[in-house]
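Okay, so subunit A shows up in both of these, paired with subunit B first and subunit C after.
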Partner chain A sequence: MRKNSLVFLAGIVIVLALGFLMPWLLRNPFYFFAGYVVLQYVTIATGWNILGGYAGYINFGAAGFFGAGVYLSAFLFTSFGLPLPLCILAAAIVGAILGVLMGYLTLRIQGVYFAIATLGLVVVLETIVHNISGLGGASGMAVYGPRPPAWSPGPSQYNFTVMVVIAVVSVALARWVEISWIGRGLRAVRASEDAAECSGVPTLRLKLVACALSGAVLAAAGAPYPFYTSFVEPVTAFSLIIGLNAIAMPLIGGTRTWVGPVIGALLLASVQQIATVTISSELNILFVGAVLIAFVAFAPGGISDLFGRKKGRARL
Partner chain B sequence: MTEAVLSLKGVEKRFGSFRALGPVDLDVGAGERLGIIGPNGSGKTTLINCITGVYRPDSGSVFFEGRDISHLQAHKRARMGIARSFQIPRPFIGMTVFENLLVPLDYCHVEGSRHERARAVLASVGLSGRSSDPSEKLTQLELRKLELARALVGNPKVLIADEAMAGLSEEEIDEVLAILLALNRSGVAVIMIEHIMHAVMRFSERVVCFETGRLIAAGTSSEIAENPLVQKVYFGE
Partner chain C sequence: MLSIDILLNAIVTGILLGSVYASLALGLGITFGILHIPNIAHPTLVVAGAFFVYTLTQWGLDPIVAALIGLVPFYLLGVVLYAFYSAVFERKGGANVLQSLTLFFGLSLVIEILLSLGFGSELKSVSVSYIGSSLKLGVLTVPYRLLIPALLAPVTIAAVWFYLSRTNSGTAIRAVAHEERALSIAGLNPASVKRHAFGIATATAVIAGAALIMVGPIEPFAGRYQIGRVFAIVVLAGMGSIPGSLVIAIIIGIAEALVSSYLNPSWSPGVAFAILLLGLALRPQGLFGAAR
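Take a look at the complex of A and B:
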C-alpha cells in the first residue's frame, strides 16, 4: 500500500509539472482549449464517482453542482473581483453545502427515486438562475477574465494549468477516500445498508460526507468555466450533457476505484473533442449513448474491471 | 441465570394496524445461550430488528447492560456490543473476505491490532484460506461463516444468529454450531433464531417460543418440546 502511494505521488508530481511546462513547449493554443474540457471531465467524473461509484447512489444532478460552481465563480469575480483560486475554493465550499442539503432531502430514498430527485436539483437551480437578473437571467452574462499571470503564455494555457491542478487535487481526494475507512464504509453501504449499519457504520453520516465531497469537486470543476468561455448562460452551465457524461465516464472506466473515472473521462472526452472537430458536435452525443449501451451490456464493470479480470486470469 | 445483559420491557411493534410483535418482556443473561423458535411470521425477525435498532419499537424499552437504548441508532448499538448475522447472508460484495471484517473493525472499538484480530477471527471460523478472495465467490456455507465472522469480529457481548444454519447440510450445521459454542464459551451471549429444531434444542440453555408476535412459552429444551402450547402451534390441534 505504501509503495502504491509513492507511485501515485510521483504520478501527481509528473502531471503537475507537465501542466505547468506544456504551455511553453506546445505552441498551438487549441490543444489547451481542448485539453481543458478533457480535464474538466476528469474532475467531474471523479467527483461524481465518490457518491455514485463508492456509495452506489446514482446522482443525475451533476450539472446542478457544476452550474452552481460556474455561476458562483462568475458572480464573485464580476462583483467583487475575487481572484480565481478563491473563486474555486468558494465554489467547492458551496458545492459541499449543496451536497449536504441534497443528501438530507434525498438520501432516505434509493434507486430510481434518488436519481429523479437529484435530476430535480438541476431543474430547480437552472430555473432560479433564469430568474435572477443580477446573474444575467436567460440571456447570460459576459465574464472578462483576469490577465493570465506571467508564468503562463496565454489565457487558454492558464485555464488549462488551473484545470490540471483542480483535476489532480480531485483525483488525490478520491483516492484518499477510497483507501481510507470512509471508502470502506461507503462500499459496505453500497453492498448492504442494513448490514453496514449493524456493523457499526454510521450510514447516513457517511453518505452525507460522500455528498459533500462529491458536490465540492463537481462545483470546483465549474468554477474556472466562466473564464474559459468568457460568457455564461444557464442552458450550457446546467447542460444535461454534463450530467450524462458524469455518469457515462465512470461507468465506462469502472466505478470501483479512482482509476476508472479517470480512464473513462480521458477516453470519452478526448473522443468527443476529436468528434466535435472532425465530424459534428451533435454526433458526439450519439457516440456517448452508443458507447454507454455497449459497456452496460458487455462490460458492466468498466474498462478497469476488464483489465483487472485479465490480470487475475494471468495469475492463475 | 446471571445478571441480564439484554432486557426487553413491554416491547411492541406495529405496521399500520397490524401488530407484528408484542408486548414482549424478555431477559437475556450475560453469556447465556438462548434459542428463539416460532412459526414463520411469528415476529422473531421483528424482535431482532427491535433489539438491533433497525426498527424502533412503538412502545416499551430495550435495555442493554442496564442502559435504555430504545432511541439509539443501529450503528451505535452495534458499537456497544450487539452484533447480528442476517438470515439471507449480506456480504459486502466488491470487497475481499478480509476487508469484510475490517469494516466493523474500522467503526467498532477493538483493542490491539485490527489486522491480527481479523486474521484470528477468520481462522476461528475456518475461512483463513479464503482471506483474499472476493466475498461474492464464497459458497453458501462460507457465506454463513463470513456472516458470523463479521458479526463477532468487533468483540460483541451479544450475538444474534438469525437462521444461520438454514439450508445447510448436517455436517455443515455441526460446523456452525461448533463456532457458536466456542464463541459462547468465551463469554458472549448467543441468541439463536432457528427453524432447525434439533440444532436449536441441542444448543440452547433456554428456549422461548413465539406465536403471532407473543411469547407463548419459555423453558429448557425438553420442557419446550413437551409444552402443549408449542406442540399446538407447530402441529395443530
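Take a look at the complex of A and C:
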C-alpha cells in the first residue's frame, strides 16, 4: 500500500471515529441538524463528480437520483419496516440501475444531449411520484423514523452519524475510482473520446460504470432524508437546488480529484447553512448561481486547481 | 359521440399548444440548432420576456405591441450575453460544451431569482378584451387566449425562416456554424455574425413570452418546465431545421393534450421528455435532420 493510501485510510478512521463520538461530546442538536446537510452535499458532490468530473459528462439530474433514493427508502421503511442500512443499500442499487438505464439511452450520443436528457429524468420521476397516491402524491407523506440505537443519544445525532458513514464510503469509492484503471479510462474519455476509443479504451462500458456508481452514490445520499425531515413531498425531494449544488460544488472545488468536491461541498454547504439561517433562501440561490458563473468563467479548474497546481502534472 | 368531441377538442388544443411551444423553441433553434451554443437559459429568457410584456401591459399597452417594443431591448440583451459568453470561452479556443452549459444554467438561475425578487413569486397574467371568450365551431371550443398566441407563432417562425434562408445576413448566420474560417475569408467577421444571431434568438424570446403569458398566468420559475419541451423540439427537429420544429412542436402538443384529457393533466409535464428520450434513443439525428 502506498503512503498516500495509508494517510487516506487514517483520515477515514479519524472521521468515522469523530462521527460516532461527536454526538456524545456536543450537546446542541442544531450542529448535527446542520452538519447532516453539509455531509449530504459532500456525498452528492462526490457522487456527481464520478461521472461529471472524471468523465466530463454533466448530469443536471442529480435531484432525480436523490429523489428516487428519498422515495424508495421512505416507501420501504413505511411499508415493510426495512431497517435504515438496508434502505440505503436498496436506494444505492436502484440508483445504479437508473444510472445505467439513463446512460444506455443517451450516452452514445454527444455530451450535450446527455445533459439535457438528465434534466428530463428529474421531471419524469417527479411526474411519476406526483401521480402515485401510495407515495402521498403531491401532498407528500409523513415518515416516522426508526428509534435511534443505544449508541446514539438522539434521532438527529443518529442521522448525522449515518450520513458520516455514507459520506466516507462515497469519498473512498470516488478515490478508488480515481486511482484505479476506471479513473484512467474516464480521464481518457474526458480528454478525447474519439482518441480513447481508437486506442482501445472501452469508452461506452466505462461511462456506464461511471453512471452506475454516480447514480448509486446520489441515491444513497437521499436514502436517510425522509428520517431527517420526517416528511417527504415531491418538490423538496426533486428540488432544483440539489441539482444546482451537485454541479456547483465540484466545479468550485475542482473536478479532477476526489478532494475538489469535498472542499467545494464543505465550503458552499456551510455558507448556505449560515445564509439560510441569517438571510433568505432566494438570496442563497442567487449567491450560488453567481459563484457558479464566476468559477466557470474565470477559474474553471476550481479551488484545488488554483492552489494545488504548482507541480506541473500533465493536464488530463 | 362524446368521446369523439373530447378527442377532436384535444387534438385542436394540442395543435394550438404545439404552435405556442414552437415559438418558445424558435430562439433555441438558432442558438443551439444553428450556432451549437447550448443555451439552456432560453426558456428563462422567455419568462423574462413574459414579465417584460406584463410590465408594459400594466401601463395600458397591448401585449402584442409590448412584445414588438421588447424586440429591441431583448436583441441588445442577447448581444451582451453573447459578448460575455465569447469573452469567457471562445477566446480560449473554442468553448467547452459542459462549461457553457453550466454557465447558462447559472445564468438562468440568476435571472429567475432576479425576476422573483422584482415581481414576487405569485402568478402574473395579462387580460385584454380580445382574449377573454372562446370561439365555438360545432363541437369545438377554442379559447381565444390560446388561439391568438398560436397564430402569433407561425408568423414569427415564417419571418425568422425567411430571414435565415432568403437574405444575405441570414445566410451568413447559417454559414458561420459550418465554416467560420471561410466566412472570415469572405470578408465577414464571424464574431459579429454570431453576436447578431444570438441577439435575434433572444429577441424572439419576448414574442414567445407574450404568447406564453397570454395563454395562461406565469411565475418566475415557469421556465424550467419548458426546458424539456424546447430541447425536445429543437433536437428532434434535427438541429436547426426551423420548419421541422413546428411539426415536432405540434406532435408534442397533441401528445400532451391527449395525455391530459385521457389520463390526467398532472402527467403532461413528463410527455415531452419521454418523447425526447425515445427520440434520442431511436433516431439521434432527429426526424428532419440529415445524418451527421
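Definition applied: the second predicted complex is superposed on the first by the 308 of 316 C-alpha atoms of A that agree within 3 Å, B and C clash if a C-alpha of one lies under 4 Å from a C-alpha of the other, contacts with A are read in each partner's own complex, and residues count from 1 in each chain.
Going forward, a residue touches a chain if its C-beta (ideal position, glycine included) is under 8 Å from a C-beta of that chain, and two chains touch if they have at least 3 such contacts.
Computed from a predicted model, the values in this text were never measured in an experiment.
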- Task: Overlay done on subunit A, so just call it for subunit B and subunit C: clash or fit.
- Result: fit
- Touching A:184 in the superposition: subunit B (first), subunit C (second), both, neither? first
- Task: Would you sort A:192 into first (subunit B), second (subunit C), both or neither based on which partner it touches?
- Result: first
- Determine, under the contact definition given at the top, whether A:201 touches first (subunit B), second (subunit C), both, or neither. first
- Which of the two partners, first being subunit B and second being subunit C, lies in contact with A:256: first, second, both, or neither? first
- Item | Contact breadth on subunit A, by residue count: subunit C or subunit B | C
- Quick one: minimum Cα-Cα distance, subunit B versus subunit C, in the superposed arrangement, integer Å. 7
- Query: In the superposed arrangement, what residues of subunit A touch both subunit B and subunit C?
  - Reply: none
- Which of the residues in subunit C end up touching subunit A in this complex? 38, 40, 88, 96-99, 101-103, 105-107, 109-110, 113-114, 116-117, 224-225, 227-228, 231, 235, 264, 266-267, 269-270, 272-274, 276-277, 280-281, 284
- Which residues of subunit A touch subunit B in the complex? 181, 184-185, 187-188, 190-192, 194-203, 256
- In the complex, subunit A touches subunit C at residues 52, 56-58, 60, 105-106, 108-113, 115-117, 119-121, 123-124, 126-128, 130-131, 138, 240, 244, 247-248, 251, 282-283, 285-286, 288-290, 292-293, 296-298, 300
- Item | Of subunit B, residues touching subunit A in the complex | 52-54, 73-75, 78-79, 83-84, 86, 90-95, 99, 102-104, 106-108, 150-151, 154
